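Following: one structure in structure tokens, then a few remarks.
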Amino acid sequence: MALVSLKLVTIIAEGFLEEKLVRDIKRLGAKGYTITDARGEGSRGVRASEWEGSNIRLETIVSPAVAERILNHLAEVYFANYAVIAFVENVEVVRGDKYT
Amino acid sequence: MDTLELLRINLLSPAVLAFALGIVATLVKSDLKIPDALYTTLSIYLLLSIGLKGGAALATTPFVEVWKPALATLALSVITPLLSYAVLRRLGRFDVVNAAAIAAHYGSVSAVTFIAATTFMQAAKQPVEGFLPTLVAILEVPAIVIALLIARRSLGGGSLAEAVREIFAGKSVLLLVGGSVMGFLTGPEGLKQVAAVFVDPFRGVLVLFLLELGMIAAKRLRDLRSVGGFLVGFGIVMPLIQGSLGVWLGSLAGMSVGGAMVLGTMAASASYIAAPAAVRIALPQANPSYYLTASLGITFPFNLTLGIPIYYAISRWLHGGS
Amino acid sequence: MDTLELLRINLLSPAVLAFALGIVATLVKSDLKIPDALYTTLSIYLLLSIGLKGGAALATTPFVEVWKPALATLALSVITPLLSYAVLRRLGRFDVVNAAAIAAHYGSVSAVTFIAATTFMQAAKQPVEGFLPTLVAILEVPAIVIALLIARRSLGGGSLAEAVREIFAGKSVLLLVGGSVMGFLTGPEGLKQVAAVFVDPFRGVLVLFLLELGMIAAKRLRDLRSVGGFLVGFGIVMPLIQGSLGVWLGSLAGMSVGGAMVLGTMAASASYIAAPAAVRIALPQANPSYYLTASLGITFPFNLTLGIPIYYAISRWLHGGS
Amino acid sequence: MDTLELLRINLLSPAVLAFALGIVATLVKSDLKIPDALYTTLSIYLLLSIGLKGGAALATTPFVEVWKPALATLALSVITPLLSYAVLRRLGRFDVVNAAAIAAHYGSVSAVTFIAATTFMQAAKQPVEGFLPTLVAILEVPAIVIALLIARRSLGGGSLAEAVREIFAGKSVLLLVGGSVMGFLTGPEGLKQVAAVFVDPFRGVLVLFLLELGMIAAKRLRDLRSVGGFLVGFGIVMPLIQGSLGVWLGSLAGMSVGGAMVLGTMAASASYIAAPAAVRIALPQANPSYYLTASLGITFPFNLTLGIPIYYAISRWLHGGS
Amino acid sequence: MALVSLKLVTIIAEGFLEEKLVRDIKRLGAKGYTITDARGEGSRGVRASEWEGSNIRLETIVSPAVAERILNHLAEVYFANYAVIAFVENVEVVRGDKYT
Amino acid sequence: MALVSLKLVTIIAEGFLEEKLVRDIKRLGAKGYTITDARGEGSRGVRASEWEGSNIRLETIVSPAVAERILNHLAEVYFANYAVIAFVENVEVVRGDKYT
């Protein structure tokens, strides 16, 4: 089994950003993503409202270059005004061409 | 019934008691949690239900009876956000963004407060105009747009268009307006078919919803210190002013005692569904602690408990009642 | 009432309007989302409720009244998948797997379309046989099994046994058949105890369900181009053929105007609950775009809006009515 | 009606049949799953509803009618955990922790079994005291506290205070007691406003709940071998003893045939909501296989099917009936 | 605290595969697993149906050998016809014997 | 983009432990956390009850020192009597100062 090394970018954000974030990461080169509903606390307390849902946890497996682009974009556009964090890990996948 | 007796009836209604139980649950750190899916379901239900009933009533109301109250509602949706903004800027010394954000909330309307007001009118056996739910849809949107426009004028640039689209396509307005159109097209006959879901259980469902709102409001109260004394006062005095204005305009427009009272409550209420969503998009720099704590932690409980009987007393007084 | 008037009644029923609102919500990119838990709850509710009512009606129906309609239903469950398969292979030039997969859907039945048909009959004040829900259970399963058998014969090997087990233990059939048995055992007396949940709110619950189905169907429509013109035509013409056949067989079996119409609608409808699950297991190579877009994106909206009044017109005509 | 006929009525009630369907679903490995959010919603609903009705009834019941049954209930809540503990230690040779954990469950009460008993009384057309739901709240808590105290005395140390706080702030007790207070304050008038949600659909909602409980119980039964024969016997004999005791004390306290029967069923039932939560906190070393399998896998099905008609027969016999 | 290095295999798949996947990974040597409900998009668009639920995200901590067996099995049985992806990471756990 | 290397601690536990765990990790130095609802199986079968909910999956990004403190605490207080597992990974984050 030939495993390929790629980056797993995980973004945790206010729920109402879901559509925006998905649009953005696709534009930046992500070929797929997975979202789970989450809740949490960080340095900023509040969310838009309960009716907007709580947090989402978005994962996307991408090449290192795309990972960097995504992080840069998040830092520029979202970090200042929205409750968003992001982190990167190394993962190994089968069928590496699926993700790039 | 005198005002004290009405206050008692209101405070001991299942809805207000459920709100209180929600507060208690948070204070004693209970592990009670309303599932997100239930909260969303209840919200969808309440908004669609308000729309359906308003639309069905509208289908059988002659236009001549509606246009004056509709105009009064539109007037409220312009006056109240401007008034709130001016007060917050001049007296409260808030910056443009936060003043506009809070004004958007106080100009708009809280669907749950509206329902609580009509429920109270039922308990007080006071008839109200059937088309009232339609006015909720009229009052909900313009105030938010106006407040965002103010902020935009001072700040320049940005995505107002997107914010407006967001408001109209947003689930609250979609369900409210969509439900109204559905109700109008299907008429009272169609509504009767689905009454076992969208009419009869309405007041019971409100109980579950207020249980959850009590828990949320209690959590908001923890932020009270950080929002400052001015906003606490604003959250109580502003509803009284806007509420009186609403009752008065409603009476001028020829509405009944009950109808003017409900319109007043709508004007007095602060949105915490459509407004926060729109503000979060258009004015992300605004501090949610301010607008959510004021609308949900102060104004909502105030209206639910004391405001509703007060607006009723005002309406009876304006209509020459006891 | 003439057919145009019936069409109007159907198009302006709360259920159809909710479906339309769901489509609008998707088109304007609203953030409205029906929680998964609500969708699952509504599905469980509708299936169990159909079963309960059918079973309770069966408990008081003499066997002599039921056997002919039951036989007609069984005949439909054999004829319709074979017919669909032949058309798809010969005219549509589909490969074995995809033809069988689509045939499984069109042979089986859509519970929601069934409910919409009975709701329409209620609105048109046309009585129907009480045991009709039992026929849903009879029609649901065999068609799927037959379609899978066809594919199996041509392909050889594999897990047909597992697929059949999966169908019977699958939640749709379990709730439908389980509900029928429950209804039969507890009888009308038992059903009355739970009527406030499983009978009265039925039509209102359908509104919520169709709101969600409208959103799903609108998303399916985006795949329309990829499925090709033939399947679009198939999704409209096939229901008309199967629907006429169903009405005719129902009339032959001595069913009433309303009963034959509902049986016709059942035959015309395409499953999107039990069939997709079974096909996904037994024929994973089949392309879901084909069978889901055809059944959910084309046939379901067609039946809901135009098909239902048409089948009713056919039934009245066959029964010598106006 | 003789006992056999009552047994038949009970076994063929929608609630018991739904429980059976849940068991079947698990046995045939169906993919049916009740969403967590629905299960939680139903639990919140049932507990709040019990509370509301009990409280509203209490508001119109003279104290003189209530104090004796309340005292009898308190007595049961002290006797039954002690009795269970003694039997488990002496005869069952369980260690202190597990004996106390199981005793907490059998001393406390199962809300669902309570509802099933009152539903059965309705079907048997046997009137019961309106304040019975209040007794559930009285019986629920003390038994758990006593059982934890026993374990504490033998083990020393630890967080009994936290466990007690946890019980009172725990969602089950909060909803039950909170609902009772709400019902008491709002009275029958207020309850009527929300009856379409909290009264009429009660028995139908129970059907959905029991469908899920059937699935859970069937999964528990897989642990049956590991819990041993003694616990299986305990799970059947203990309810009979506690149930008889409850019926007898209820009759002594002047309760009606139906009321004494329901009190007996409450005594016979084992908690699987409040007790497991408390035990998991206060006695984490206790093995959940023991207490959950016994209460949910054995005692609950036994009470639901055979126990309820038996306690009724006992009550009729004690009241000099047939 | 003695930490042991193991593999975390994450599988994202159509919801209706849940029972099958759990059976398979247990047979291949996994001693436990955790599942969260997820949604997502990838190269294949469609799912069985809404009624079948959306995606699941299955995690299992296993030895490197078991991880490889699981990936091989997924590649053989599922990748062709089902919407399934999988990736592997290194994690450190307490009580390493629990997982093997 | 300056990425900082930190530890991601993931705890999977019975749902009713949520409040306790959150309180504990905050006391031990975590500045934030994210929780998703999960279900699963491990060496211990049973949970408190359905009404208590199933498992939770708690993630917190912390410094290596805090990560070690959290693992030690879990091992001491929870591992013996509760269904709890935990594992640690290396992640890279933007704005590293947010987490320490």
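Letters are used for the chains, namely A, B, C, D, E and F, taken in the order the chains are written, and counting of residues starts over at 1 for each.
Operating definition for what follows: a contact is a pair of C-beta atoms (placed from the backbone, for glycine too) under 8 Å apart; a residue touches a chain by one contact, two chains touch by 3 or more.
For reference, the UniProt names are B, C, D = Sodium-dependent bicarbonate transport family permease.
Please read all numbers here as calculations on a predicted model, not as lab measurements.
K.L.:
Check every other chain and keep only those touching both chain A and chain C; list them.
P.N.:
Where chain A and chain C share a partner, that partner set is B, E.
K.L.:
Give a one-word verdict, same or different, on whether chain B and chain C use largely identical residue numbers at their interface, taking over half shared as same.
P.N.:
different
K.L.:
Farthest from chain B by Cα centre, which chain is it? Let me know.
P.N.:
E
K.L.:
Can you name the chain that lies farthest from chain C, using the mean of each chain's Cα atoms as its centre?
P.N.:
F
K.L.:
Roughly how many whole angstrom separate the Cα centroids of chain A and chain E?
P.N.:
20
K.L.:
Just give me the whole-number Å value for how far the CA centre of chain C lies from that of chain E.
P.N.:
Computed from C-alpha means, the inter-chain centre distance equals 35 Å.
K.L.:
Averaged over CA atoms, how far is the centre of chain C from the centre of chain F? Could you give it in whole Å?
P.N.:
47
K.L.:
Quick check on chain A: which residues sit in contact with 2+ other chains?
P.N.:
16, 36-37, 89
K.L.:
By the touch rule stated above, which residues of chain D touch at least two different other chains?
P.N.:
Within chain D, the residues that touch at least two other chains are 29, 31, 35-37, 40, 171, 201, 277.
K.L.:
For a test of understanding, state which residues of chain F touch chain A in their complex under the given definition.
P.N.:
1, 3, 6, 8, 22, 31-37, 61, 89-95, 98
K.L.:
With touch defined as at the start, can you tell me which chain E residues reach chain A in the complex?
P.N.:
Interface residues on chain E, with respect to chain A: 10, 12, 36-43, 55, 57, 68, 71-72, 74-75, 79, 85-89.
K.L.:
Over in the complex, which chain B residues touch chain C? Could you list them?
P.N.:
Result: residues 35-37, 40-41, 44-45, 48, 52, 168-171, 174-175, 178-179, 181-182, 185-187, 190-191, 193-198, 201, 277 of chain B touch chain C.
K.L.:
How about chain A: which of its residues touch chain B in the complex?
P.N.:
Going by the criterion above, the answer is residues 14, 16, 37, 45-54, 81-82.
K.L.:
Using the touch definition up top, name the residues of chain C that touch chain B in the complex.
P.N.:
My answer: residues 12-14, 17-18, 21, 24-25, 28-38, 119, 122-123, 200-201, 203-205, 207-208, 211.
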